Amino acid sequence: MSGATFKLQSGETLLLKGSNGAGKTTLLRALAGLLPISGGRVLLAPAVKASPSELRAAAIYVGHTDGVKSAMTAAEHLLFWSRLYPGGAARIDAAVAAFGLDDLLKIRTGALSAGQRRRVALARLVISGKPIWLLDEPGASMDAESNANLIALVLAHNARGGAAVIATHDRIAITARTLVVERAPQAA
Amino acid sequence: MHEFLKMGGYAAYVWPAYAVSVLAIGGLGFAIWRRGRALQRKLKELDDHGGAK
Amino acid sequence: MNPFELANPDRFERFARPIALPVSVLAAALIGVGLYFALFNSPPDYQQGETVRIMYVHVPAAWMALMCYTALAVSSAVGFIWKHPLADVAARSTAPIGAVFTAVALVTGSLWGKPMWGAWWAWDARLTSVLILFFLYLGYMTVWAAIEDKARAARLAAIVAIVGFVNVPIIKFSVDWWNSLHQPASVLRADGATIDSAMLTPLLLMGAGYMTLFAALLIASMRNEIAARRLSRLDAAAERPISTVRVE
Amino acid sequence: MSAFLAIVRRDLALAFRAGGGALQSMTFFALAALIFALAIGPEPALLQGFAAPVLWAVALFAAVVSLDRLFQADFEDGSLDTMIETAEFLELQVLAKALAHWLTAGLPVIAATPAIALLFNLPPEGYAPLLASLLVGTPALSLFGAIGAAVGLGLRRASIPMAILSAPLYAPTLIFGVNAAQAGASGSPEYAPSLLLLGAISLFSALLGPIAGAAAIRLNMS
Amino acid sequence: MSAFLAIVRRDLALAFRAGGGALQSMTFFALAALIFALAIGPEPALLQGFAAPVLWAVALFAAVVSLDRLFQADFEDGSLDTMIETAEFLELQVLAKALAHWLTAGLPVIAATPAIALLFNLPPEGYAPLLASLLVGTPALSLFGAIGAAVGLGLRRASIPMAILSAPLYAPTLIFGVNAAQAGASGSPEYAPSLLLLGAISLFSALLGPIAGAAAIRLNMS
Amino acid sequence: MSGATFKLQSGETLLLKGSNGAGKTTLLRALAGLLPISGGRVLLAPAVKASPSELRAAAIYVGHTDGVKSAMTAAEHLLFWSRLYPGGAARIDAAVAAFGLDDLLKIRTGALSAGQRRRVALARLVISGKPIWLLDEPGASMDAESNANLIALVLAHNARGGAAVIATHDRIAITARTLVVERAPQAA
């Protein structure tokens, strides 16, 4: 992809729009340092070129495939993540509260409903404590309440100086600059 | 000469060994040569049609 | 001259084109003379009889099997560490050649084994590890074939090649480590060759012949590989981005 | 470090949930040994000689079989992303996964060995060497296997299983393992050295496996 | 009927994509034989007697190993729903999946057998019986295995591997298979009857497998 | 769950609303004959009690887990389904047209974007030719255009006398009776 020149200040949220297959997921994964960036560069803070590993350190990506194991309970997931992300243990309760997971903790995520499962996946954001959140369709199959909930969370994150990039199709109640990703005309 | 071909009774082992060696290695050489020719032809076409350099 | 200067494919082309033909001719000559000695001008072995003539195609092939893999591992390492494009090309071009030599060593070996050991095959350490070596070549080539993105393929394949290298010393010394049916080294050994010079001459001739032949084949297929890459670079479609981003 | 333990613990949990884990490979192992006992037939004399080779072969087998998917599941459901994202040393995480694998595939086999050996009426003096060789040698299998599994992530259409890549590494482990066990049983002087060699191999694998595995994963994820 | 073929064809395609399919289990098989040969050691005399047992054992492993997930993937990604929804006879679909499994796990093993047997220096008269026994017997492995796999769908927490469920069914197949192969090689009169018995087992499995499997799936899906 | 007494006429669409974990998916799966109905009964046509198998014959369910195999191309999926559903072969082209899959046919679905993959999954509706469509979050991660497209398709289906039950969180432009599923208060 090309022309991806934009600036993400701390404390702000960017929305990624674009039709299916436009390249939003691809862009997010690149920002997350999970894909190599061929040409073009990503600057962290005042014009420091960021290597994929630096990006990985600063950003957390929650994508379509949510990294939730059907065989494990929500509680087990939170515990696991809290070990992966330094200092995560201290943030478990915050995560549970943020996504109202209290009465889901003991259920195998395989038995959870789509939206409940999604909430478990998103709890990783809080646990990670990373400054940059990269969200791919966070609201998919979550009900209005949980969605509002999530948005509030993102705003709070911004208030704390955290940044976020959200790829989504449904218009959401965040006033933020929007990036439009378009599929370049292909020589079919 | 006939003696030579008999290989002291081991013809059934000696000659196949030589045959395999020649065929396998020769075949490889031939394959490489053919591929080279094909590639050069394609490149030439592209260059003739002013294909990007 | 500094080999790294060959990094530039065009420079390699300039270096390779003139020597390609002479090398091939030299290889042909050496092998021709070698075959003459092997078949007409060397004595049968006092215990192995005429079958010893298999040695002249088996042993050099076996040597090359090991040599090629060593070359493969080394060029892979160079390509992996110094991101040296030509090294990747060399590695990729070496694999099929090595595979063929290995196959020849296997087949001629078992053709020799039937009369000598009374069995086509034995699960002896050396034989088995050569078989594994053959699989390794195949695995290496599969990696190249299975991955579209050639840059990534090169590095993955390099890992395979380097890891697999442990197999080479095992093959080389297997006969000494495990009491094996197989001949211990009688030519390539620290305390000098231990076989009769009448057999050594053709053996060495064939060895040299195979070696130069390898050089010739390698040069040829490296040139092919470079040409192929130029071709794929020439079709412009690959260059266009999939998508564009615009700020609102 | 806590990440390391977390990964081990999680993989253990998953292994036990997903139909069996330790028990899985233990029964698999028992079944396999049984098959051979059956196949070889009743002569105790014959059986004795085969305890070590068969048990080693089956142990290797149990490992190979389960290694193919070592990283696959994490790759598909996206949790490998998380692991890469959080890893300061991906090598450590590979080591963790290999360790977990050994705990679920290697250790149970060793635990089951005495019982099986009994079934092969292995002479008493054969037990210690056999167990020792397995204990020292099997970790190498999991560690070498991790390399193949990591490389395999990339090739969707690979027509040759990645076990092949690890084969040249398995072979010496197996051969020296059996050697050690048999030398020990027959009280030959070779015992100590071949056991040491086996240990050397395992150490080497503990170095090579994580490094090569992590490198391969990084490549495949980008 | 066209559904039957469609399922077979799809599973074959998937098997080939997911790293190899036929080639996959063929090399796997070769590797296994190699492992045992290496473990047992070079003496050709010893090896000869082992061709039949080892090949049969490996065939069984190849089956057991791949059977665990026969329905799992379809269950998790929801395509099992579609199959149930469209099946007038779920039994047929189970049969189709078992057949596909045999084609990717059983048949390749048989195809590779002559080569491996050569490496075990099986005496010439041993080939026909060995191949015959495998050809007649291996389908039973896939069909019995289907039952275990179907039952296994339900018990997520199950800590007992499905192999155990099918083990009592595998065992006789294996024993008679090896018997037949060895009897045939030694030209004993037992050959014909044990081969017949093997055939009977396969027929039985072709009946029991689909019925029990389908029943189990229906239960687990509701 | 209880109290699910409702009537679905041919040619009409029902919307299922309800918070995450309310039981929409459960209800749909029951209607699809994929779950046993403990108490309560489903009547097909004039008061005929429908057995699960009859339901399965009449209805098609497309759920959160979409039954799409990453290793196979879209084309292969369509072909496969067309073999499973009697007479499906004749409807392949219609399905491709309905979801604009033409230029995705040859790509491994694993390489497709979330929305594109979703479209492949939904193509099953058209191929099945079943009268009753049971859709669980059909629009998840599809862009506005594809969503409008889908709705048009459902309306056309109704026009042809087909019925549909759609569980969704985002308000969609179908005027239809809405069924609200609520999670019964749990004795936590």
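First chain written, first letter: the chains are A, B, C, D, E and F, and each begins at residue 1.
The rule is short, and it goes like this: a residue touches a chain if its C-beta (ideal position, glycine included) is under 8 Å from a C-beta of that chain, and two chains touch if they have at least 3 such contacts.
Computed from a prediction, not measured in an experiment: that's the story for all the values here.
Enquirer: Is the contact between subunit A and subunit F built from the same residue numbers on each copy (over half shared) or from different ones (under half shared)?
Expert: same
Enquirer: What chain pair shows the greatest number of contacts?
Expert: D-E
Enquirer: Take the average of all CA coordinates in subunit B, do the same for subunit F, and state the distance between these two points in whole angstrom.
Expert: Roughly 59 Å separates the two chain centres.
Enquirer: So, what's the distance in Å between the C-alpha centres of subunit E and subunit D?
Expert: So the centre of subunit D lies 24 Å away from the centre of subunit E.
Enquirer: At what distance in angstrom does the C-alpha mean of subunit F lie from that of subunit A?
Expert: 28
Enquirer: Let me have the rounded angstrom distance from the C-alpha centre of subunit A over to the C-alpha centre of subunit E, please.
Expert: From the centre of subunit A to the centre of subunit E is 45 Å.
Enquirer: Which positions in subunit C touch two or more other chains at once?
Expert: Only 125, 128, 132, 135 qualify.
Enquirer: Two or more other chains in contact with one residue: find those residues in subunit D.
Expert: Answer for subunit D, listing residues that touch two or more other chains: 17-18, 76, 155-160, 162, 164, 167, 171, 175, 222.
Enquirer: What are the residue numbers in subunit B that touch two or more other chains?
Expert: none
Enquirer: Can you list the subunit D residues touching subunit E in their complex?
Expert: My answer: residues 16-21, 23-24, 27-28, 31-32, 34-36, 38-40, 50, 52-54, 56-57, 60-61, 64-65, 68, 152, 155-164, 167, 170-171, 174-175, 178.
Enquirer: What residues of subunit D sit close enough to touch subunit A in their complex?
Expert: Touch list, subunit D to subunit A: 2-3, 5-7, 9-10, 13-14, 17-18, 76-86, 221-222.
Enquirer: State the interface residues of subunit F toward subunit A in the complex, per the touch definition above.
Expert: 18-22, 24-25, 64, 103, 112-116, 119, 136-137, 140-147, 169-170, 186, 188
Enquirer: Enumerate the contact residues on subunit E facing subunit C in the complex.
Expert: 27, 34, 37-38, 40-42, 44, 47, 118-119, 121
Enquirer: Spell out the part of subunit C that touches subunit B in their complex, as residue ranges.
Expert: 39-40, 44, 49-51, 53-54, 57-58, 61, 96-97, 100-101, 103-104, 107-108, 111-112, 114-115, 213, 217, 220-221, 223-224, 227-228, 230-231, 234, 236
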